[in-house]
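In structure tokens below, several structures.
Both of the next two complexes hold subunit A, though its partner changes from subunit B to subunit C.
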Partner chain A sequence: MDYHSPASFTEASALAAATTGVTRFLAGGTDVLVQLRSEMVTPDLLIDIKKIDGVSDITRTGDGGWTLGVAVTGAEMSEHGELGREWPGIVEAMDLIGSTQIQGRATLTGNLCNGSPAADSVPAMIAAGVTVTVTGPDAERIVPVEDIPTGPGKTSLARGEVISAVNIPPRGQNGGDAYLRFIPRTEMDIAVVGCGVSLRLDGDNVTEARVSLGAVAPTVLLVEDCASAIIGTALDDAALDALAAAASAACNPIDDKRGTIAFRTEVAGVLARRAAKIAYARAKGEQA
Partner chain B sequence: MALDDQKSVFKFVGTRPDRPDGLDKVTGRAKFGADAYAAGMLHGAILRSPHAHARIVKIDASKAEAHPDVKAVVTRADFSDKVEFKPGLAGEFWNVLENVMAGEKALYDGHAVAAVAATSALAARDALKLIEVEYEVLPHVTDVDKAMVADAPVIREGASDYSVPEGLHPNVVRYHESGHGDVEAGFGEADLVIEDSFTTEATHQGYIEPHACLASLGGDGKGELWCTTQGHWIAQKTCAALLGIETAQLRVTASEIGGGFGGKTTVFIEPVALALSRKANRPVKIVMSRSEVFRATGPTSSASMDIKIGMKKDGTITAAEGIFRLQGGAFPGAPGDMTAMCAFAPYDLTNVRQVGYDVMANRPKQAAYRAPGAPMGAFAVESVLDELCNQLGLDPLDVRLKNAAHDGSKASYGPTYDQIGLVKTLEEAKAHPHYSAPLKPGQGRGISCGFWFNHGGETSVSLALSGDGSAQLMVGTPDIGGSRASMALMAAEVLGIPYENIRVTVADTATLGYNDVSHGSRVTYASGLATIKAAKHAVEKLCERAATKWGIPVDAVKWEDGCAVPSGPNAGDFDPLPLADITANMGATGGPISGHFEATPEGAGVSFGTHIVDAEVDPETGKTAITRYTVIQDAGKAIHPAYVEGQYQGGAAQGIGWALNEEYIYGEDGRLQNSIFLDYRIPVASDLPMIDTVIVEVPNPGHPFGVRGVGETGIVPPLAAIANAVSNAAGVRMRDLPMSPPRILAALKSGDG
Partner chain C sequence: MSKLHVSTTVNGDSVEFLCDPRETLLDCLRDKLNLTGAKEGCGTGDCGACSVTVDGRLVCSCLMLGVEADGKDIATVEGMADGEELHPLQQKFIEYAALQCGICTPGVLVAAKALLEKNPNPTEEEARYWLAGNLCRCTGYDKIIRAVMDTAADMREAS
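Entry: the complex of A and B
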């Protein structure tokens, strides 16, 4: 196993492009090191991207959004007051992952690139319309988060491509987001179902919405039908029923040790309803 | 039989001093199983079967043996061939040998088939990949009911013992039947008879410290073993038999232990490390991974049970019958007999019958887990009692009080109870503010009683006094629940010197006589009794020295508050002679002063508890929260009440995990699906409410201070009490554990658990 700690993403990309072996990028390592120790994945090449300048920065962009470096940890996000006030759903989703110790290492980018359909931060990022900057051997491209995962443990990133930044859009006025997951315990667990909702209001009515579901399909889903079910409504009971029905209809889950098809399908609707109400209250400026 | 000198007024017993191992444990100075190192030490690793059931056709270790980092490879051929196979539990050494290293067949996913010792842990792990094993995969069975049907794969012919009736499947290896009265007549007298079936899944003890050991065995047959264990003498005896050496030539030292709960009462890696060491002629250390702990050490049994109980409208139980089938892995030992004997033990019944089956399946060899077998039976029986109360409109505590066993009741399993505390726990439960607290919508309350036998066992203790008047106490029962503190308190009580002046050590096998395992809730009872007797033995000698000094007969001296004093005005006028004054000169007055006691005490009193639980079920997701929990249990006499409360709380916490989320999940291929703590869900701290405790003290007549064991009874009622709370909250009877959210939601949707 070769270990490198390049000084730039271009160099990291070149290193990855030059090998044919199993490559892993290392930021927090909360998935990579666990997989390595349990012999699930034994990389030929380990590229540590933590030492690249700026990877731990949380930066306000010119348009009022945010750029997060790929090594920004969950703890740094939780302790950053302004980010959490604007995007509580993203920050809370990230904060649900693992223990306090894991929070000191784990990153949004790692959670995304691990390719798990149950990744907590991913539905929240998709609902929020987050994109990532991808540095490749030849060029840089901006990719919506929902286009990164392609299946359990798989991503659309080509050999030599590495995510170099996370771009969170401006929150703007009258918006709110939320993420909820179902676990059988109270913490330290993996989502059986996850749901992220982000919406914007004009008065009482929803004008924009994005709804994302986790752990109910091979990849995290962006569910257009859920958004349609609540856009143009004041999130009344009928709208919530339609939202829940659309969420359940979008599910394509499996029976496994964490839950059944019937359970995941049912609870996806329950969580969509609950998360939408929280996002709505936040958009209204209420505490929730 | 009551002891005629039972003590009831105490100076030290019943206080809550600091624990003697506290500083060591919070500073990291305590040495656990994996904390031992030796010069020239090698690291061992074990190759495990990926198949649930397979014939081992061939093992080719030549590539591993040729690797320069590898110093030894062992298979079954490297263990004693003198260990005899016998049916049932008669051949337990053979069963253990077959479990620690497979013979002709791999019997479960994770079964050890070979092991290597190499120069580093990583090299050992990599070397396992160089061992080629050819398997012929066989049909497997992991479910207890399926393992008993006619066409089930046979795990091992000839394993059934004398107790098994004709005509049962060879996987049924032991059978128990007991009871009294006429149950059919009893059911005829009932106003309501409920018959129902229940299942529980296997759960793991979940101790945080994995198994770990450091072994050294030379060609001369002399060895040293350091390991995390609940009983180093049984480890010594078993390892010696499996390696074909003399017991006394193997010295075993118990490390500090990071949890056992019954699961560390046998050996897994220790004989393997010794075999590797003998072959490599170097010390060998083995530390299990968590996955190995789940796959290859003892979880508890899974169970399938049928219960039938008849009740009159006034709550009188007219008859009770239970069939208990326990699956214990690919070896005899599932405690179907214990389940059967404990199930109805809390009740004074005219007509009762219970049947227990010990059934083998392609799973790891079950090990004891706190009151082994009892929690499952209580779950089934107490669920039916709850349903009877619901349907007859009766208060569940009143019904239990009406039928409760009391002093002189004939137990469901045969004997007649001496002085017992069940009624007192029920009365305390009824008077507790928890029982009358209002419930919120969506919440339900459940109660359950529970019983465990408790055990005595072979016990040796030595106590040696130092010149400065301090005392060192050597016990042979590893401290899994605060026993060093309680032993010191009991010794302090007899010697009359402060708790702080007594150091308690868990002695190794070379420095003390035989001691049974720390199990059966026996330590505070049996080692405690032996400690008291050893201290009294030393006191006798102290009195002799005083008598000699004063020139009076020894029976004219008595021991009071740490001093020898004349027994009365006629004995003479002497100032009290403190212990330290006697020991200061003991070298010149007759030599060192020690006390000893060895026995197999038979007076372990049975123990009962009653639990009250409130649960809240989310009707949309089936998720359960335990909102309030109260444990009431008879301790006989609480030596160190804080530790007793800890045992009560721990039983409840483990019971909450077992009831709600913990389970062994097997795939169609017979492989364990969840061998990590991520997917084997023990409760985290935030899952638990404050667990309130009430210590009832109805003295055990068989202990000088009245002690009853408290370590196990606390896990007997939780499964049932929680199931009753959840069923009452959800409005459907939950008959299968764990009551995971998918299972509860499905029950809510169908209206039937």
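Entry: the complex of A and C
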């Protein structure tokens, strides 16, 4: 295994493009090292991106959004304050992952590129409309988070492409987001179902919404039918029922030791309902 | 495979070693620097027995490569006592018998020290959540938590 720590994403991309072997990019390493040690994936080339300038920065953009470097850890996101006040759903979703020790290393980008349908931060990012900047051998492109995972452990990134930044849109006025997951205990487990909701209000009515479900299909889902179930409503009981039904209808889960198909399908509706209520309260400026 | 040269600081001392890029920081601490306080429990970041701090941040040394330590400031359980004088947490762990087999203890101590540096006045719930990544199969955690809470109270009084 060759180890490189390039000084730029262009260089990182060129290194990856020039090899035919198995390549892994190393950010926090909380998945890559486990796979390496268990011999699930033995990279021929390991490219550590943490020596690249700016990868640990959380930066306000000109339009009022945020750019997060790809090595920003969960702990750094939780400690930031302002980021979490604007996007509590994203920060809380990231904070749900693993222990204090894992939070000291784990990153949004790693969680995304690991390709797990149960990744906690991914539904929250998708609901929030987060995009990633992808640096390739020839060009850079901006990709919505929902277009990155293509199946368990798989992404749409081509050889030589590396995610070089996480772009969080401006929160703007009267918006709120939330992420909830079901696990059979209180901490440190893999989501049986996860649900992220982000919405915007005009008065009492929902004008924009995005709803994302995790661990109920081979990839994290962006569910348009959930959004249309609540847009134009004041999130009354009928709207919540329609939201829950749309969430359950979108599920295509597996049966495994963590949850059955029937359970996951039911819980997706329950979590969508609860997460939407939290996001709604946050959009109203209420504590939730 | 040629070995890589790593210069780092461990418990305040400058150290250098050569390592294979596949070796973890835990491997390097134990096998190259003879600092065997950090233990390998699971090797997958679940148990916390290998806890150390890197630039003040609590991490599992089994989930970090040795080469990633280059230029960093590492602290392990070996750096907690001041010569013969134990750290207040170490003293309190003895007083409370907050250990049995002792395998998890170095990781718990490093994690608890990091907690008290960040939050000198944690609630019991905060302490339990903070230490949730340090598994102990002997004590049932109660004595560990009581030792940490009592140390926190003593250290607040002393400061």
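Here is the rule we go by: the second predicted complex is superposed on the first by the 288 of 288 C-alpha atoms of A that agree within 3 Å, B and C clash if a C-alpha of one lies under 4 Å from a C-alpha of the other, contacts with A are read in each partner's own complex, and residues count from 1 in each chain.
Definition applied: a contact is a pair of C-beta atoms (placed from the backbone, for glycine too) under 8 Å apart; a residue touches a chain by one contact, two chains touch by 3 or more.
These numbers were taken from a predicted model, which means no experiment stands behind them.
Trainee: For A:184, is the partner it touches subunit B (first), subunit C (second), both, or none of the two (neither)?
Mentor: In the superposition, A:184 contacts subunit B only.
Trainee: Which partner does A:100 contact after superposing on A: first (subunit B), second (subunit C), both, neither?
Mentor: After superposition on chain A, A:100 lies in contact with subunit C alone.
Trainee: In the superposed arrangement, which partner chain does A:1 touch: subunit B (first), subunit C (second), both, or neither?
Mentor: After superposition on chain A, A:1 lies in contact with subunit C alone.
Trainee: Can you tell me whether subunit B or subunit C touches more residues on subunit A?
Mentor: C
Trainee: Who does A:262 touch here: subunit B (first), subunit C (second), both, or neither?
Mentor: So A:262 only meets subunit B here.
Trainee: Using the superposition on A, tell me which residues of subunit A are in contact with subunit B and, in the other complex, with subunit C.
Mentor: 38, 187-188
Trainee: Show which residues of subunit B lie in contact with subunit A when the two form their complex.
Mentor: 125, 291, 620-623, 660-661, 665, 673-674, 678-679, 681, 683-684, 686-687, 740-742, 745-746, 749
Trainee: In the complex formed with subunit C, which residues of subunit A make contact?
Mentor: 1-3, 5, 26, 28-30, 33-34, 36-38, 46, 48, 50, 73, 75, 98-102, 104-105, 187-188
Trainee: Spell out the residues on subunit A that touch subunit B in their complex, using ranges where they run on.
Mentor: 38-39, 182, 184-190, 192, 256-260, 262-263, 266-267, 270
Trainee: Would you mind writing out the residues of subunit C in touch with subunit A in their complex?
Mentor: Subunit C reaches subunit A through residues 1, 4, 21-22, 24, 43-45, 48, 51, 54, 57-60, 62-65, 67-68, 111, 114-115, 129-134.
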